[in-house]
Amino acid sequence: MSEVVPILAVAELSVRIAGLHILQGVSFTVAPSGVTVLLGRNGVGKTTTLRAILGLTPRGGEVRGTVRMGDRSLAGEPTHRLVRDGLGYVPEDRCVFAGLTVTENLRLAERRGGSPAYDRVFELFPELKRRGRQRAGSLSGGQQQMLAIGRVLLNDNRLLLVDEPTKGLAPKVVTEVAEVLERVAVAVPVLLVEQNLAVVRRLASDAVVLAAGRVAWSGAADELLREAELTRSLLGVGVAGESHVPLSTPAPGSAALSSPTDGSVPVSSSSDAEVAGR
Amino acid sequence: SPQDTANGGGDSAAPVKVGLVYSQSGALASYGKQYIEGFRAGLAYATDGTNKIGDRTVEVTEVDDAGDPAKAVSAAKDLIGKGHKILAGSTASGVALQVAPIAAQNKVLFISGPAATDGATGVNKYTFRSGRQSYQDVLTAKSFIGDAAGKKVVVFAQDSAFGKSNEAAVKAVIGGAGATVSSVLAPASATDFTPFASQLTAAKPDLLFVAWAGTTAPAMWQTLDQQGVLSSTTVVTGLDIRASWPTFGAAGTKISFLSHFFDGAADNPAAQAAKKAVPGGVLDLFHPDGFAAAQMIVRAVREGGDDVDKMVTALEGWSFDGIKGKMTVRAEDHALLQPMFQARLSGTGDAMKAESPKVLTPDETAPPAVAMRG
Amino acid sequence: MTKGAEMTTGVKTAAAANPPAVPPTASSAPAPRRNWRSALRAWSPLLVLLVFAVLPYSTVSVPGVFDGPLNGPGTLQLLAICLVFGGLAAGYDLLFGRTGMLSFGHALYFAAGVYGTDILVTKAGLPLWQAALLTLVGGTILAGLLGAIALRTAGIAFAMVTLAFAQVGAILVARDFGGLTGGEEGLSLDVSGLPAMLVGVGNTVNLYWLALAYLALVVFVVHRVAGSPTGRVLAGLRDDERRIGVLGLDPYRFKLLAFTLAGGLATAGGSIYCLLVGGASPHVTSSELTLSLLVMVVLGGPGTRWGPVLGGMLYMYLDHRLTAFGTSSAVDSLPGVLSGPLSQPLFVLGTVFILAVYFFPGGLASLSTRLTPLRPLLRSLLRPTHPTRRPPAGG
Amino acid sequence: MSTIVLLTLTGLGLAALYFLVASGLSLVFGLADVLNFAHGLFLSVGAYATWWAAGNLPGAGPSGFGFVLAVAFGVAAGAVVGMAVELVMIRPLYSRTIEQVLVTVGLSLAGVALLQATWGADPRPFPRPDWTQRVTSVLGAKVPNSGILLILAAALVLAALLGFLRYTRYGLVIRAGVENREMVTALGIDVRKAFTLVFAIGGAAAALAGALGGVYFGSVSPSQGGSLLIFAFIVVVIGGMGSVVGSAYAAVAVGLLQQFVNYYGTSGAGDICVVALLAIVLLLRPQGIAGRAATT
Amino acid sequence: MLATRDLTWRIGEVAIVDRVDLELAPGEFLGVIGPNGAGKTSLFNLVSGLRRPTAGQVLLDGTDISALPPYRRARLGLGRTFQASSVFGSLSVRENVRLAVQAQRGGSMRLWRRAAADREVVAAADTALDRVGLAHRADALAGTLAHGEKRKLEIALLLAGEPRVMLLDEPMAGVSAEDVPELVAVIRSLTGDSGRAVLMVEHHMDVILGLADRIAVMHHGALLACDVPATVMANPVVQEAYLGESL
């Protein structure tokens, strides 16, 4: 990979939970700038990887291997210290605090000593400002996702770990989130788990593909996405250029819709995918 | 039967097995402690220090019931199964009432201890008691108003079996003597006593009889004192163990006490012996109960050997000199007739002292005889 | 999230720590292996039952565990009490471990059984079987009625409403309304109308067998119910009630069923207990008893077949035996700092219990499963594992 | 008239006692989601520590400044015990709510037995300034000073707790921590410290209630805390879990209800009324008076 | 088949769902789109009975079911999935589905039967798992599944219940790209000529476009449009408020 010193180096990371060997010696690095995506099928261990980096493993879990950030080893450090030192995390299940209001959720995310960038967050998600007094548990799914992302953008981070941030968001918001991440990634490197290949294509500079608890491929994202054969074999999907082939025989009446107004339908799903001969 | 009950047999040299089931832990542990001290002193006294009856040593097995009848019943069954023919103890009334039938079913001698319930008198042929009963308390209280006719008496009691049996006794004893008796009952769990104090003040009684046990007693007395109840009428209540005296606070000196026993209430050879024998050298409320139990057991074995029916006959009608003075086991219902005391407290804090202005004879405090129920 | 939901989460974690709530037999493994081991497994409950049934014929002494031979009345009485509470805990587990309902008022139905039987025999003079039957019906109806009200709430509110009902029961008993209950003195059972075989220390063995039968009945019923389609619904309720509703099952009905059934089982246990201790005392109405039930179940392992039974028996054994332990000479000879607390049975019980929560998470029943992964490793002596390693500090 | 004044004021005194007991319980229950059955033990610890200090601690005594010192010592002891309990017993069991509850049950059994082993089961006279044993005449009613003391203390504690919740982040951290502890740490917050603090405050509040309860009752016994606990539970639940203000309302409701029913009704109807109130409130509004409504 | 009349749900002054009129014909596949917080999930909650509408009605086969609790509606053939997976975490995956099958076969209480003996029920459960591609995880505890696997289990639960009207709330969220086509095929097979009707919320436009006969657009609780996909997609408001610019 690149010659530059990686911001994060994961080496021989193994995680066992309840007798299951979920990660079996995963090694990869995260470049000091840009977005590194972590790809793989459901259940392959992407979330587990992120959580292990943060020191979050469920009870009875066993973690081996090393994680280094710069020249500091993260293993054994308490999660809150890592986060305070600039490791931001957007969890997969949003994990907003349902009993607290939106404002309280955000206040909680403020870090001591820093100046929380509320402007940045509210500019991106005006909805959060409007719903300040609503209990987060009653937010819609997408609004909760916004809160989870907003929460981490409140602070300045040295590295972001982001787990499926666009899941459940409307296409328009997906685009917006992608733009934000792109902007953020200029200054702060991001390790991103994402299923939406359109987002991946737009953001990723490097890619790591997990399969069966190991790293199946890693390298420059372009390379992965450029070569259809590689994409197909690693991700199980073909990349059919920029045109949208409907998933299968279109339902009557929707045939014309594949590109209704000249491709202005945003790419908003994993639907770059076509049925890849499976 | 698969169960092969071990038997003591009639061997004249075999030890006498006595089972004591009483509270060593739990809320009544301090009563239990006095009981057992009294028992040991009594045994030594009655056997002239040998702890032997004839040639037979007395083998005492102590079991803690923690105040729980279920545990006491289990213990009693265990002891009976192991060949004990004599049981004693029962610090709590509930224990006395539930062990008594077990004794009768299995034909063993049972001598109930500090439990004050009237229900243990006359419950069955095998059950005796070595302490006083509520009725005797009330008769002592009655002595404070002289002629009861036309007097107004109010009972302030816990709304519980203990309180109600006191209430019933007052109605029977003092009401029976011509006084009008009414009552104010309060839940045992009450935290604040002001409403009850107000009711008592409003009732303007000539005599107020208070039956209250438990840890809320100090708060109750303080409230009665603060609301002026104590200074407006004669207030009678039972005198509890010495450790509780200071908790009466300022109220202590304003109350007329009826007393089962306190150190110095009686002076006789038994009391002197007991005083020497108990740790600390100061007698207290329930030492006499244990002492008398030991005396009764020694008598029963001496006269009856291993035959429980003979033991019963030996005890019925028997008179003896206990710590409190002369005591008599009434043959009809096994009530233990005994002297009772009026008492007054003086001084403050740990230096509080009790004295008895009047001693009531066993006859004066004899409860009416009840028919033997079983 | 509500507190109620939090509570159920707790239940969930507790249950999840155990082997899957569904017994392994349920998941139809591709090829069910029928070797001698599984045969033994299937028959072991009967074997245990048989051992317990013939126990009174043994004159063996187990020094330190019981004083006196196994067939002595004291030992049998203690064992019988343990058996009744084993059954009671198993019945309570139907609510707590299997359905995730945290009732703080289960003692009420047990007390209903104790007092109902006692009062009907002693005060109304009914023959025992009639009294027991009436009590059982009455207790079950009571559970059904109060459950129907209490189940309008959930979580902590449910716990508190059941506690309130039980508290009213306790107050009624303590107040001795109509002179029925004897207040804090309790009511001893009038044995004159009872069959002779149930009276007297010499017949303790019959009570023992009765208690054993009760335990066997409860375990059988609970096991059958848990293994039935309805049992699966109860397990589902424990996890997600809303989901059950959306699948087309009425959560309320199923919960009420579990509540009533458990109440009825507790009432039956009360009747037996009443015979066993020859009366009723207000101890059985206390909220502490419900709490102890909870303790028993957690001690043993909620949602498992044998856990609650073991927990209940062990708890009662300790409860009774610790009083003897506290007064033993071994304790007396210790220095005052130790002998003081150790002579308080509740101190020892509380401490044992706290330690049990730490060292047997998932309860006694999980011991064997927790040891299972160790076995092959121990055998081959490859390397030590940490099957229950605590999470890293931050997690 | 004076009866009503008397009943009202003593009812408020009682309410203040309930609130003092309930406040710590409510805090710990509402924030840390631990139904702390050992709260009664904390209460007794506070009472015994005060009692002990008044007799043995230099400078402390039953009256004046000495008494304040003794109470302060008791409160400190309560805080330390609360903290220790969290550190040693609750923390290793986080997210296992039921086990946490059960550990506190075990602790309450063992702790009370320990007190009993040390100081006996019988009540001991409690050191207190003389003026707390006197009464103040209000509109013809003789109101015990100890009741007034309780009311003042309750008001102070209420204000202090509200301040703590409103002006510090701890309340937020802990509420969030109960929902998802892991996520709070993933926001860079050491949630453990906050939990320890809450237990310390809960213990201190309980100890204060224990000490003032000792003044009120005039005596102290090992089981005193436990017997107050059941009403405290009722107050916390009626008030809505975790709402300190709700607990205050509920305490007043329970105290007055009990006092008036006990006077005008038959004996013991007060208790049954309180239990009935609890059942009714919960059936109509399962989250309690001031509890937050459930969403999901 | 399914219809809503003036369906409204207000919290205080705010209308979360605002006078929604929908018609769903047998065999029809209706997609629902709309910005986050538009009220789609809330609409599902009203239809499935988890929330009571403040006004309006839900009709199933012409009868008003607005007052029925969720389980009665489910018995009438109304099934749904949840946006945030809600599965029985402490049961195995197979047992999860088995519950759904059992519920479908009549919810009467059977206390004395051995659940394990219901071979048909288990078989039906396994079939459903097979269809969503979860058969290999059948014995895992549902609580330990990865996110995407839970989504599939949700669908299996729905399948097993064999409802006539299905409400799918973002079934594809979090499903890995590789598995999308498979799941789409499963969902497609739901309707076909079986006469079942489907109401599906989804933010993946291609999935919706590939499946839906008509698309309803929600915005601020109200129904903005409900028409064939082509028309809806051409609607400038939809473009502006929902789709936004292309990536």
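By written order: A, B, C, D and E. Residues from 1 in each chain.
By our rule, a residue touches a chain if its C-beta (ideal position, glycine included) is under 8 Å from a C-beta of that chain, and two chains touch if they have at least 3 such contacts.
Small disclaimer: the values here were computed from a predicted structure and weren't measured.
The chain pair with the larger count of C-beta pairs in contact, out of A-D and B-D, is B-D. Among the remaining chains, B is positioned farthest from chain E, on the basis of C-alpha centroids. Here the chain at the heart of the structure, going by C-alpha means, is C.
One simple way to say how far apart two chains are is to compare their mean CA positions; for chain A and chain B this gives 78 Å. As a whole-number value, the distance joining the C-alpha centres of chain C and chain D reads 31 Å. Distance between chain B and chain E, defined via averaged C-alpha coordinates, is recorded as 74 Å. With centres set at the average Cα position, the gap from chain A to chain E is 26 Å. Among all residues of chain C, those that touch two or more other chains are 1, 171, 175, 242, 343-346, 390, 394-395.
Among the residues of chain B, those touching two or more other chains are numbered 25, 159, 187. Chain contact summary for the complex, chain C toward chain B: residues 56-57, 59, 67-68, 71-78, 81, 171, 174-176, 182-189, 191, 199-205, 273, 277-279, 281-283, 320, 323-324, 326-327, 343-346.
For chain C in complex with chain E, the residues that touch the partner chain are 12, 15-16, 20-22, 25-28, 224-225, 227-233, 235-236, 238-240, 242-251, 253-254, 257.
Interface of chain B with chain D (complex): residues 25-30, 159, 184-187, 189-192, 194-196, 198-199, 215-219, 221-223, 226-228, 241, 243-244, 246-247, 249-250, 349.
The touching residues of chain E, when paired with chain A in their complex, are 29, 33-42, 83-84, 144-149, 151-152, 170, 172-182, 184-185, 188, 203-207, 209-213, 228-230, 233-234, 239, 241-247. Across the interface of their complex, chain D is touched by residues 54, 56, 78-84, 89, 91, 95, 97-100, 104-105, 107-109, 111, 135, 137-138, 151, 155 of chain A.
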